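I have a structure here, written as structure tokens, and I will follow up with some questions on it.
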């Protein structure tokens, strides 16, 4: 099977590290590209370092740039929820990583992170797909 | 044919919904990934919700973050046109979506939007390509 | 060989034009998609116009939006280096371009640029991968 959908519990916070899931999916698949896709309009996928403060730096930047106030025309959900709807446009809904011999070629400091500042929904889906190059 | 180029008339506004075109292209193609690509240096492709205010929220955010004034070194075209040239870097020129049984797996609230704040050019091109996973 | 890694010397500045490398890699490969991937946590890949001021406009925008001061929790490296770690999230680590008859279908004004504001590291890697559509 070359494509799978995972269900994630994001109640632990606004950033979830999905690197282990990405590696597990690629194992045994040979050479190609892996695509991680987030089918939600208020969450995003990024590659960045985690564990040395940068993940929180990103959340701080987003809070400054997309204040959770009443400026948004989108008015459903919690106060400031309109901000969440700009995340996919600014950060992106998918990430593509080369794979060689079943191993995604992430750099030493790259992790796959789901950014999800929308606390109204703690059940998220992630689709992983593999495309062979050979 | 696994890749096609569409010509779009964007005189209707700064955001064009291309979701129907994406679905039509995928129909009958089985499993894979579809890539939508925008070959312009002053327009971008994003996945986000439309119809509930968020598309206008994005344009407001861009106007705040990329003011259409004379701060830009790029000086061709209309006043503030330098701002348009930063759109592809900030938002991205392509979008990749998994496809199963000829259906792109967009989330319920995800639409494919062309963001094009450059009113000097109302004829835009969009390339759609399909990569089979099986 | 459908995937290669290049080693780049980025001592020349914060933006490196990799368009020639992208074209060279695609030559003779037929139809498909080419993926350029940056395995670094403090650099990004974008498609944009270069040579008419927009590349410097992007660096100016980044300096305004991600000031190189002590606001970041990430404190390794030079002053303000925490800013570099947000680049991949905001701009993206990879770019995908359709290829027809061995030619990447970049628009007239699109170039592939590596954005790397981290002067602590002048040796960067770039991976290019080709996926056939037929």
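Each chain carries a letter (A, B and C) given by its place in the written order, and its residues are counted from 1.
Methods note: contacts are C-beta pairs under 8 Å (C-beta built on N, C-alpha and C of every residue); 3 or more make two chains touch, one makes a residue touch a chain.
Fair warning: this is a prediction, and the values are worked out from it, not measured in the lab.
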{"item": "Type of subunit A:subunit B copy interface by residue overlap (half), same or different", "value": "different"}
{"item": "Copies subunit B and subunit C - rotation angle from C-alpha fit, nearest 5 degrees", "value": "120"}
{"item": "Chain centre separation in whole Å, for subunit B relative to subunit A (CA means)", "value": "20"}
{"item": "Of all residues in subunit C, the ones touching two or more other chains", "value": "65, 90, 92, 96, 131"}
{"item": "Subunit C to subunit B touching residues, read off their complex", "value": "31-33, 46-49, 52-54, 56-58, 60-61, 65, 90-92, 95-98, 100, 105-110, 115, 131, 133-134"}
{"item": "Touching residues (chain side subunit B, partner subunit C) in the complex", "value": "2-3, 35, 37-42, 65-66, 71-76, 82, 85-86, 88-90, 92-94, 96, 125, 127, 129-131"}
